[in-house]
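Chain lettering (A, B and C) follows the sequence in which the chains are written, and residue indices restart at 1 in each chain.
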Amino acid sequence: MRKFKETVIEKGLQASALVTIAVTVGIILVLSIEAILFFKEVSIIDFLTDTQWTPLYTDKHFGIITLLSGTLLTSFIAIIFAVPVGLSISIYISEYAPRSFRKTIKPALELLAAVPTVVYGFFALTVVTPFLQTFIPGLAGFNSLSAGLVMGIMIIPFVSSLSEDALHAVPNSLREAAYGMGSTKLQNAFRVLVPAASSGIIVSIILAISRAIGETMIVAIAAGQQPRLTIDPTVPVETITAYIVQVSLGDVQHGSLEYRTIFAAGITLFIFTFLLNTVSYKIRKKFREKYE
Amino acid sequence: MKENKDTIDKSLKRKHKLQTKDVKVFYDDFMAIKGIDMNIRANKITAFIGPSGCGKSTFLRLFNRMNDYIDGFRMEGEILIDGENIYKKKVNVEQLRKQVGMVFQKPNPFPKSIYENVAYGLKIQGIKDKSYLKDKVEDSLKQVGLWNEVKEDINKSALALSGGQQQRLCIARTLAVEPSIILMDEPTSALDPISTAKIEELIYELKEKYTIVIVTHNMQQAGRISDYTAFFYMGELIEYDKSKKLFTNPEKKQTENYITGRFG
Amino acid sequence: MNNIRKNRIKDQVFKFWGIACTFLGLILLMIFIGSIIVDGVQRIDWSFITSLPSRKAERAGIYTALMGSVWILIFTTIIALPLGIAAAIYLEEYAKESKLASLLEVNISNLAGVPSIIYGLLGLEVFVRIMEMGASVLAGSFTLALLILPIVIVSTRESIKAVPKSIRDASFALGASKWQTVSQQLLPASFGGILTGIILALSRAVGETAPLIVIGALAYVPFAPESPMDEFSVLPIQIFNWISRPQHGFETNAAAAIIVLLLITFIMNGIAVYFRNRWQSKLK
């Protein structure tokens, strides 16, 4: 009897765990089915090569590159900003700051990631853009620069926290060896510790990129809703995520081509983040084995 | 070795490489070193022995200020190297560590090539001359007797070497920056007997050119290689004398108890 | 010597750069919160909290959105909590080292990295359309529950892992079954940690906007939900809607609503940190 009860419980727990697999399968199925229906009407070659994205107009074009460029541009700005800053923070906290400081500052920095993104969007639109406009006169009200920068602030803790963990995990004996040879902390950090912790640091950067690519509200609010193939950070663009929001806010008929565009856009996004996450998982696995 | 007491005193005065004056160390409120006066002589091997936690490692690490990074560390007193107080405000710690090299308990090569390991100390000083670096690396590896074993693999990872080889590499790395003092913190405790013998031999040769201070758990080792031995207990220097004398005819009861294995 | 001096200067310069970077984000955040408080705090009063939405900025309130958030939070908890804890127990205590376990592990790690808007697309198709829940509280809660599931699982596993092995051994040695050990020893011992993880996950859910917009949650809902099948809005969507309007009065409203949202988020984070500290000191 007891054995029977134990088995039932185990099966129940297992079923709960399997829900996560169902979620992944569900995501892949939903995205692919709708995307396949989409590609029945729109050629995949047009989708990949057209340089305009105008599914909501009468003259319809479905060039995903246009949205992708918006996504990559805003993400690029965010990463260019967040990686040097986040890495500097991680080196400062793990090598320079007193231990007690580490304990308070890490949760404080993680607060940056806890702020709802809609709030960051408001920040970008009402504070950062007007501020930047004072010395970049041509800056449009909606632009990828301030959206990207604010997104950068948001992902700082992703970079700094994971990189700091990686630096912290480098055995102390290496630090002592470097100091014993007369290294300054800076030389020790860049010549010994960063190379030794490189896999963890790379993982943190990949996760930050993945996060930036999938970020929605900041770009939907501050970067605009004008699909445009450009690398100019001062003009409005539209990202994949912002487009999905734009369509969702309107009245789009279920089963229509417009409805399916958001799934086609969604699957593009999913493929990108899936690849990034898989790579980072692989590196992390390898890295864990190295230290244990 | 048959000098009389007068000549020993004279040479002590002439050859003091390292002097400590009433040195006390605190970790927060805990007093780890309780006021030690000591003179360490140039071109000799001085061994520190004593039970775990007696402060011998802490004391050793004062000489290149490696304790500076420990939270709550505080020191009183003076430590003089060639008559200069190394704990004065304006002392450049990096410069000091170039002069006072250190070899650690576990071999700790950087996860880089053998070449990069040995060249590291020179490179961080801004030396870029390739042929100079190459000569220096070869020279240092020859000094530790590692050159013939690794000359083909000089660009391979140092982590591929055996433990004993790694430790000799760490010594070579230290020699490359031409220190005058080498501190060794139980350098053979992680090694097998054959590697240990090689390192001991090497240490013995090195005293021609360097002043060596070695912390060891192993009393036989202290007896084999050192000229002087200092016995520490509970943060105090109990006895300090020529090794031969200390191991055969100690003055203090505590020393005798320790070296005969009655405690520790 | 000269080089060593230069290196020291570089070292000092980097130290100040590091301090500057560390505080940069926090200072910007404080500037921003400061400016929002200046913008919005005079707008916050009892009627702002209790008023229904309105076309006139000065009469509009956050009541329906706030209630929507509360409903969503409750149902998300009801769905995600048992599922997440059960999955975590299975992974940590039952499925160790098996092939299924490593598959689950990769999968959960991957799910944690899926952008939230993708969960919105999943919810739209599965809950709203196929299961015919419509853009209801329930559909929204299911969507957010799946979104935070990986976070709940990961943090619960960490907490269970932190329970000393000796407790497990002692329980088994006394003849307890696996489930008895889990339910009577491990779960109580890791309760504080699990709670922390769940509160953090919920604080993430309360700020989520995009997936709920995608499933069709509305910016304008005249009444607070009265059943799980009702339409709803949530605070972040209300904020987003006000931000998108041109009139200045709505910007003030948005600032005021942001103060409320941040207050909720920070209080939840604060509670989580408090529980974590208390739990960690107890575990020692």
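The rule we apply is simple: contacts are C-beta pairs under 8 Å (C-beta built on N, C-alpha and C of every residue); 3 or more make two chains touch, one makes a residue touch a chain.
These figures come from a predicted structure and were not determined experimentally.
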Subassemblies held together by touching, chain C left out: one piece
Chain occupying the most central position, where position means C-alpha average: A
Most remote chain, CA-based centroid, reference being chain A: B
Computed distance of Cα centres, chain C from chain B, in Å: 54
Mean-CA-position distance for chain C and chain A (Å): 17
Distance from the mean Cα position of chain B to that of chain A, given in whole angstrom: 50
Residue list for chain B, restricted to those that touch at least two other chains: 94-95, 98, 124-125
Where chain C touches two or more other chains, by residue: 4, 7-8
Of all residues in chain A, the ones touching two or more other chains: 182, 184, 187
Residue ranges of chain C touching chain B (in the complex, touch as defined): 1, 3-8
In the complex, chain B residues that touch chain A: 64, 66, 69, 71, 93-98, 101-102, 104, 106, 108-112, 120-121, 123-125, 170, 173-174, 177
Footprint of chain B on chain A - complex, ascending: 98-99, 171, 173-184, 187, 191-192, 195-196
Chain A contact footprint on chain C (complex, rising order): 4, 7-8, 10-11, 14-15, 17-19, 21-22, 24-26, 28-29, 31-32, 35-36, 82-84, 86-87, 89-91, 94-95, 103-104, 106-111, 113-122, 124-126, 129, 146, 149-150, 153, 177-179, 200, 203-204, 206-210, 213-214, 216, 219, 236, 239-240, 243-244, 251, 254-255, 258, 261-262, 265-266, 269, 273
Complex contact set, residues of chain B against chain C: 92, 94-95, 98, 124-126
